[in-house]
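Structures incoming, each one as structure tokens.
What follows is chain A paired twice: with chain B in the first complex and chain C in the second.
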Partner chain A sequence: MATNTSQGRSPRYSEEFKSLLSETWLGYALILPATILVAAIILYPTVRGIQMAFLEVSLLQPGEETFVGLENFAEMANDAVFRTALWQTVLLTALAVSLQYLLGMALAMVLKEKVPGMRFFRSVSMVTWVLPIIVMVILFRFMVQNGFGPANIVLGALGLETTYWFGDPEMAFPLIVLMHVWRNVPFYAIALMAAMNSIPETQYEAARLDGAGALQRFRHVTLPQISYVSMIMIVLHVIFTFNNFEIVYLSTGGGPLGNTEVLATYVYKTAFETYALGYAASMGVVMLVIMLTFTAVYVKLEDTD
Partner chain B sequence: MPDSSPDSLRRRKLVQSIGLGAGIALAGCSGDGGDGGSLEGDGDGGGDSLGTETGGGDDGDGGSGADVLHWDAGLPSDEEDLDTAISNIQNFFEERTGEQVQITDYTYEDMRSAYLTGARSGDPDSVEGVLSHLTEYIEADLIEPIGDEAEALEWYDGYVDSTIEAMSYQGELYALPYTGNGRAMIYRRDVFEELGQDPPETADEFLEVGRLIKSETDLTPFHNCTKDGGVRAFQEWMSHVYQHTENLYATDGDGWTLNVDADTLGLVFDKYYHQVWASDDPIADPDQLGTGWQVNDPGYINGNFAMIECGPWIRGWTSGPEIDDSDAASEVLDENTAVAHLPYAEGGERATYLEVKPVMVNANSENGDLGFEAVASRCSPTVMEQQKSHSPGNYVTPVHEDVETTLESENWMPFTDVFETGRALAKISWGPVRQEFYPLMQEVAYGETDPYDAGSTLHSNLKSLEGDL
Partner chain C sequence: MATETDAIDGGTGTTSAIQRFDEWLDEDVSPRRALAVYAALGVFMLFLLLPVLYMILATFTNQSFLYSSALLPSLSSLTLANYVNVLSTGAFQQYFVNSTIIATATTALTLSVGTLAAYSLSRFDYPGRGSLLLAFLGTQMLPYVLILIPFFLLMYTLDLINSHLGIIIAHSVIALPLAIWLLKGYFDDIPESLDEAAKMDGCSQLDVLARVILPLSLPGLAVAGFYTFTISWNDFLLVSVLSQTGATRTLPYGLQLFQSQNQVAWHLVLTAATITMVPVIVLFAAVQQWVVKGLASGGMKGT
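Let's look at the complex of A and B:
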């Protein structure tokens, strides 16, 4: 009997084991280490940041915390620098991402062409994107130096006005937009080109047979099939640009006259110059909410389309 | 067949949401695509180098084998000089202790942020910095008093008194100095001689001679730093504030009180920012507004400016990407440059910003004794003498009597007198003060605000900070 029982148990255990293998619980177990890791490096700081938004806490004495409820958010509502920084962040993001997308698309269509030397051109076009930001900023600062910067030498030779453009209150912001665009257009181009190359040539042929012109082929064949990649690129770059700190901080520090102050630089100054960690965290929370909202709405609209 | 039950859909939505949230958080954390851009050092000299590490051995702690970790932003930027400078410190440390020290080279700004946020972990064991860092670290309980250990050093008595005073707070010594200087007026001696002028003593003479240079030569008469957030801009402004007051804030032991009136702040804005940049007859080039030391120092060396406010580090700067012509730069600095006290406005006197660089021990270090030895090595007269070969500008006005000045030219000798008029920063948290200064300074320099209105606003804003310092 004992033998029979034992023999009877084996297939059952085996079945259960197989069942377990096919169950999603094994899947959960397999992703558990990664989940714990993600929780430690992403969730904890995020939750801690949100918690700090409701505290008064100094960078110099981080152990001394006082719960202040919504006071940090109320202060933000009356903070003129915050409002300016928010507006300039939104404007910078909208301008930079729009221009990047349009120019990236144009470049992708050029790169897609099978003409001699295009492989080399494709490689070269990525240089701006792989360049470290600090190098890019130094390069731009050099180019717009008054007197010896190449940009000013050319402008001077043409009889146009020359100045240190990062110090010009009207030109500093457009220059920041230009740096974002200059840097990221190649990345858009490569991603969009890859999406365009995956569209079967037969679809274009069919469209031609139906009498579709170049613009119609682009509108009805190309555009719908690169929309998913476009969505990913736009969402990622909106987030990158909205949160970008280095380009502004290294080139203008937020000046002149606060004309290039963006939320990321203002958060940094608040935390590291005025030591107000709680207030800086509350601005970080506002940034997080704005980005989450944008992403959710954009993804939803894209799904609907 | 795909499972399309409501349960499965909810689960998929949940996973999608988590993925989306994680994506946003990662993108937010990484900024612009996760580039490895490092913050630029906006220190007082030219050429802060980006972070590099040099270990003291081959095994053990963090792969470096070193027993002590030291962070430093005051090392030379040239790679060969950097290696030499680090070796000098390491060798001296090893001779004294038989142990090894790992030295990490930083920019000041990166180092300050990293230390303020990470020093409680116990690393590094010692850290170099500037005076404003010292006050912040004391306030944050991140450095410990080293008076007893310092007094036991055989060379302790040789430190210049004023520099030791600058390292002390409430009777406790918190650091040792290794370099110091006072900000001076560096001017083109040849231009002044040609125009038959003496260096200006007062602000009015300074503006007058500036306008004369403008009308008689092709040079831009003057340049100072007006970059938002630039440390140098703040130091230059403080130099002129010190000409009117012992310190911006004074303490009676309990708290800090603003020690300057609104008119004086307005006067400083007027003479050194409004008249210089935004008046009807400016003596600086308004097209250079918003620039920092990156334009100021090389601009002078390249022969574009007739006067700047600067420290002695500029003395040996005759090569590098910022310098147009090394021979011409040497001629400007060696033959055609002289040094004078900064001009002062009415009611003021000779005084300047005293820069003394401290080296400190982390209060959370588990190797406090060795941390102090790293400080002692960095600040020993022996190592200072060795460092002169690659950083002569750091030892123009040595902070220790056993170290001889690197000055050879008679024209640069006034730096010694200027150093003696230097005033050290009060031991307060300077970040909020700097943040009040920058926007108003720029408004004045860009001609957006009357200097005396700006002085009044700044006075009111600084007054409101009294309780937070």
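Let's look at the complex of A and C:
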């Protein structure tokens, strides 16, 4: 901005300096409300939560805090429920995100085709992503309810076993994975489709001339050019799935027999049902550290590629 | 659609279905490929949409149908009784009003605060700008359940438990980082030469925002507004912590209570659930072209 070298320098510089200064202040002023809100409602509680991880506090007497050092973290090592929840959270995240990515990729390749009516299908496929989670849960519970759920009517007609599948210790977890997949596949599909559409057709032509088959073209032309969007989608959804509370809590509450318990629901119950705020916070901190590590490593790997 | 085909065929007058299908398609798609695409599309749409459509169908039936082993109701048994029943329930009306007030106010607050912040990030140069944006986005990584504990105590201290205002502020803050990011993407796309031209004409920085940037980024505002409204309308977790009586309860929380009390009344539970999803679906239909486009370009540019 201040690079002009015409006449009348000194008054001009001071003027520009002044206007630069006022611009800077106006810039800060404009972003201040958002910063204050986020600092007060997200950052302060996060810092406070990290601090609480080293305290013993009860929700019943939040004023009485005892510093216990690393005791909360040590407790996790002996807590079987915590270990199960941690394992199930990792498993759920890994399964849901990889299935979402594969199916999302498949749907993207369908949606990018230019056939009549496709614009309508692109939009309408996003409906599952817009639904409130509670509505999705009610829908799935209805589908698999004992006896007269449509899924069970079909299974029954085929002579297969029917039951309330969310209450089945073996099937509840796969159903949770299914809900995560059902909800988010369209989001992946639209984002991947957009990335695929931005690849110039000439590159495919060139590959074809070099004798590359469909599979090779996908591997060497498509994949490298959707890798950035893929990374964004995967990181976003790993974070979303890992931290998600509502899907499990509203559908199974963590049961049956704790078979669908994830960290988010266990932390919530520890805080708001057993009132052990310090212990709950320390598990929340573990979740945060895992997500920070994951994101840092993944972004780094993608960068070096 | 097939009239041109007839004209081309002229004399023979027998246009095969394949030919007509081919005419209907874009030039560079072969009928065989199109059939494969529609078949694959059918499978995906069945998976994604059939459950939703079936739920909607079920809301027009009665309880005895839902407790029979029939999959499809007879046409004559379809009824609006469930809607009348649910919509005339006082508690449901109250939750609907609460949800509407909270989601609308949240959207207004987030868009105002978010627009100023996005304008600042897009057009002003100052130390810490890049890290501020990163910090905003970084908050998306934090586990809600960790924030929730001190957050609850904070809201309690501020006397914002069980108030509309408390929920509105909480929802706004949750939506704010992504709203800012979306808006900044749209603002960045507007050439700065337009700002300069407006300033030549005597516009101040804030005039530029009001007269140049905002009118040109209406799609961005629509997408960010839709995103914020949906976050607020759909939220269960924060409301379940902040709301303690029916006076502040929103639809998702009310729905959860309703379904746990009415395990057997599926006709009413499904109807209430359907009504709950209608506003976000209608809004989505209104902005879908920009959402899909925004995901395609604005949202994914790698700021």
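General observations
In this section, the second predicted complex is superposed on the first by the 269 of 305 C-alpha atoms of A that agree within 3 Å, B and C clash if a C-alpha of one lies under 4 Å from a C-alpha of the other, contacts with A are read in each partner's own complex, and residues count from 1 in each chain.
By our rule, contacts are C-beta pairs under 8 Å (C-beta built on N, C-alpha and C of every residue); 3 or more make two chains touch, one makes a residue touch a chain.
Everything numeric in this text was worked out from a predicted model, so none of it was measured.
Superposition of the two structures on chain A leads chain B and chain C into a clash.
When the shared chain is aligned, chain B and chain C each come close enough to touch A:T46. Using the contact criterion defined above for the overlaid structures, shared-chain residue A:L209 touches neither chain B nor chain C, since it reaches no partner.
Applying the stated contact rule after C-alpha superposition, one finds that A:I134 touches each of chain B and chain C. When the two structures are aligned on the shared chain, A:L158 is found in touch with neither chain B nor chain C. Legend: residue contacts after superposition of the two complexes on their common chain; A:A34 is shown touching chain C, with no touch to chain B.
Contacts of A:A77 after superposition: neither chain B nor chain C is touched. Of the two partner chains placed by the overlay, chain B and chain C both lie in contact with A:L292. For chain A, the partner touching the most residues, choosing from chain B and chain C, is C. Applying the stated contact rule after C-alpha superposition, one finds that A:F166 touches chain B and leaves chain C untouched. With the shared chain A as the reference for superposition, chain B clashes with chain C in the stretch 240-248, and the other listed options (222-230, 240-248 or 276-284) are free of clashes.
Looking at chain A, you'll find residues 38, 42, 46, 132-135, 141, 145, 147-148, 187, 236, 239, 243, 245-246, 250, 264, 272, 287-288, 291-292, 295 touch chain B in one structure and chain C in the other. Against chain A, in their complex, chain B makes its touches with residues 20-22, 24-33, 35-40, 50, 112-113, 116-117, 136, 139-141, 226-230, 285, 287-291, 294-295, 304, 324, 429, 431-432, 434-435, 438-439, 442-443, 446, 448. In the complex of the two chains, the chain C residues touching chain A come out as 24-26, 28-29, 33-34, 37-38, 40-41, 44-45, 47-49, 51-52, 54-55, 58, 66-71, 113-114, 116-117, 119-121, 123-126, 129, 132, 135-136, 139-151, 153-154, 169-170, 172-173, 176-177, 180, 205, 230, 233-234, 236-237, 241, 251-252, 255-256, 259, 266, 269-270, 273-274, 276-277, 280-281, 284-285, 288-289, 291-292, 295-297, 299-300, 302. Interface of chain A with chain B (complex): residues 38, 42, 46, 59-61, 129, 132-135, 137, 141, 145-148, 162-164, 166-169, 172, 183, 187, 236, 239-241, 243-247, 249-250, 252-258, 264, 269, 272-275, 287-288, 291-292, 295-296, 299. Partner chain C is touched in their complex by these residues of chain A: 23-24, 26-28, 30-31, 33-35, 37-38, 40-46, 48-49, 52, 62, 106-107, 110-111, 113-116, 121-128, 130-135, 138-143, 145, 147-148, 150, 153-154, 156, 182, 185-187, 190-191, 193-195, 197-198, 228-229, 232, 236, 239, 242-243, 245-246, 250, 263-264, 267-268, 271-272, 277, 280-281, 284-285, 287-288, 291-292, 295.
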